[in-house]
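Common to both upcoming complexes is subunit A, partnered first by subunit B, then by subunit C.
Presenting the complex of A and B:
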């Protein structure tokens, strides 16, 4: 691959990411504005769309992949996710428990 | 005396805010102590300014130190801050000990409010302005050298972190001269620190000093992690990094995730106090448990932030002074990472008694005990490293040995505290105070002092006096046991922590013992100063310009002492762990490079000092409600950042000829030096060239 091809591939990746992000955000707003399913299902769909969009943005904008060269970055993201999950999850457990015992 | 003097300009400042005025009107011992402390700050501040002026060193100070972006100089400045703050916090600790020893059955000489200020400043300083700057300074200095880099990833950010820390420390010092400090302890729990109970400036001083420190540490964490990930020299794979770099990496990651909860907690508390929010108040929907939760989400990882670098230091020290490879390098790395992750799973043990159900307490209690496992692994690793090694009892090694024994004791009492039912009995007593000092003094302070002794010759080019080093080390050890073992007894017999006066006369002998220990600890610090003085006087005889006084292993020992500004004339290529140690045995490690190249280094920048001074002024303005000063400071910070972004000419070149001149003069010195065998490495024969017997 020469420099030109590389550039083009990069631009394509950004465009794909951009389009994908717009579509997913639009769909999420749309199914809330014009409900086609039960609220629970809609909520699940919005969450799924959000999560997919996170992955898409990592892939297209931050160039995180399973390739060896990006392995360090991927590990850091997974580690961050773990720690944030621990902190948020732990907080919810503790504070909901306290609330239950106060009520 | 209690009316604001000039509210437009000076906010809520009254003449009574000055300890000197208070002492004039009410000359009790208590007020005189406060006035003396303020006086010491003012007089020594003025003395420093006069000294610099008389010696005509302003320009030198500004260009060589204050505006420098060199990671080595920034590291040294961090440690200078830490040592100054250590001196203050130690004196405060002695005052508290003296007060408690005197105040058995009588009120003593320190008033309750003042005593509360003492433990609040002592705790906050020791954690945020002694341990943190000290270890940040060491990491700053050593990590780029150990991974074969010329600087950290973001040098300007690095300088800004330093200056924010300095601003926080300055705020702590200002609280001695103007106004009073918080009485809410180092953890600053609301609702006690809310405006309803504490309308004065004290909690605001605490909030802003800690906020500045936490912001600085977050940025340092990012900087160090990126440096280690992205700036390693060719061949320096992760699993070839020295252990100190590994623990620095884990510390940096902990900082990135643990400091933000603290910043959020103090920021929300500030919103409560300044803008009438109700996050943590008793009424109107506030809930202080959110604060406890956020604070300890930071607080527990914090204890590992201050201890992991020490683990790295001990690893380097033990392996160097045993002339052996570290036993179980891989298991040490894994244990470090395990500790880093586990440290985010236990924070609730700091508030076992604050209302959760028994099963949640049990879960966090078990997780807490689990951390003992990787820590235990490390102790065995160090013991096996010494086994059949050529062990030399130099000062850093004595610290390491004292650490291993003392730290295990502290760990055992930690396991006791990890049982929620036992914690219910001894929490909030001196038992807890004894426990955490038993971790922090051997775990952090001894480690930092071992590092200071071990790397001093690398940083300044001459060794520290060994005799005074040992005297100081001995005092730190004896003093620690005398000062803190009695506290276990006192705590188990029910003496509450943060107590200003004691009614139970049976406590008296133990309090006397603790007071004696505290005095010995003060002597230990004095011995450290004497050691520095003596070593500076005899620096000619202890010169180690060649740079490898201890037969070191990692890359920092492969350059001159002090290292040149660019660290490495040619960036090293390594093909194994302890590359330098093996190179000394197999090839010619001091052979000159084939060619020299121009090296690009960063120009000085005034942006960091400007931001530091402006943020110090802005937060001081916030404390005193001098809104004009706060707004002015913020504008200056913003303007400084914008102005910096327009600076295009950020680098200067060191021509290849200059690099060659510096490098060759060092290589000539290595050729002239006499190699020294390990047996006499602490004698003046040591010129920094190790005699290798393969």
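Presenting the complex of A and C:
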């Protein structure tokens, strides 16, 4: 692959990421502005869109993918995700349970 | 082992500058560790916000203080600035004239500044409605989380200015290239945190 092809592929990757992010953002705001489903369902859809968009941005902007997983970066992401899941999950379970008992 | 192999997060310089590419691996990994620990801080503030959400103490509620219009504008600004920074990194990698890199950096800087202006306007609106940090648990958590992201954007803007000076003074040497790669990771990371903010703070707050 020569320099020009590589450059074109990289620009395309950024543009694809941008277009995808715009569409997902637009849909998320649209279903809140003009609700078509129950609030619970809408919230679930917004979270799903956010997660998909984050994965897309990791792929297209930060150039991290599962395919080229030889790098330590991905392991660090997975480890951080584990730490975050434990701490956030623990915080939510303990404090929401506490509130329930205090009510 | 090809020269264009992916060695670290962000744009890899393998195809155009093998020497810097080799140096970048450790430099970028160190910065990546910082970003992940920053992500942990944000995640815990999100958890605090989630827990504090019902604690409005009879004061302003999310529905009464959040506005969808400015939030959407801020999202588009930050997202577009992520793309323009990407264009700056591609220009840097493929040895475009310095003017091209400067232009993309300047556009990114401008979008970041407009984002901050919108956010500042949002916060002053909230203060005017009596929604200030000490009013309730919900507002304390909100002002702990969202302005912290704003502070990161300010830091990013200062960093862009520093990089514009470094580009002018040193030209595109290995150190400047690696710094630009680090700044790229930081800037794209801020965009990702913002996705989490509008999806878990603003949009759910606007639902009936």
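Following the convention adopted for this analysis, the second predicted complex is superposed on the first by the 98 of 103 C-alpha atoms of A that agree within 3 Å, B and C clash if a C-alpha of one lies under 4 Å from a C-alpha of the other, contacts with A are read in each partner's own complex, and residues count from 1 in each chain.
We adopt the following convention: contacts are C-beta pairs under 8 Å (C-beta built on N, C-alpha and C of every residue); 3 or more make two chains touch, one makes a residue touch a chain.
Everything quoted here is computed from the prediction, not taken from an experiment.
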Superposed model, subunit A: greater residue contact from subunit B or subunit C: C
Output check: A:39 vs subunit B and subunit C. Expected answer is one of first, second, both, neither. What do you get? second
Given the touch rule stated above, what does A:101 touch, subunit B (first), subunit C (second), both, or neither? first
Can A:50 be said to touch subunit B (first), subunit C (second), both, or neither? second
Figure out whether A:86 sits in contact with subunit B (first) or subunit C (second), or with both, or with neither. first
Applying the document's definition of touch, where does A:6 land relative to subunit B and subunit C: first, second, both, or neither? second
Across the two complexes, find the residues of subunit A that touch subunit B and also touch subunit C. 72, 76, 79-80, 83-84, 87, 91, 95
Would you pull the subunit B residues touching subunit A in the complex into a rising list? 229, 253, 257, 261, 289-290, 293, 297, 341, 344-345, 347-348, 355-357, 360
Flag every residue of subunit A that touches subunit B in the complex, lowest number first. 72, 76, 79-80, 82-84, 86-87, 90-91, 93-95, 97-98, 101-102
What part of subunit A is in contact with subunit C in the complex they form? 1, 3, 6-7, 10-11, 14-15, 17-18, 21-22, 25, 28-29, 32-33, 35, 39, 42-43, 46-47, 49-50, 53-54, 57-58, 61-64, 68, 71-73, 76-77, 79-80, 83-84, 87-88, 91-92, 95-96, 99
Can you name the residues of subunit C that touch subunit A in the complex? 4, 6-12, 15-16, 29, 32-33, 36-37, 39-40, 43-44, 46-48, 50-51, 54, 68, 71-72, 75-76, 79-80, 82-83, 86-87, 90, 93-94, 185, 188-189, 191-192, 195-196, 198-200, 203-204, 206-208
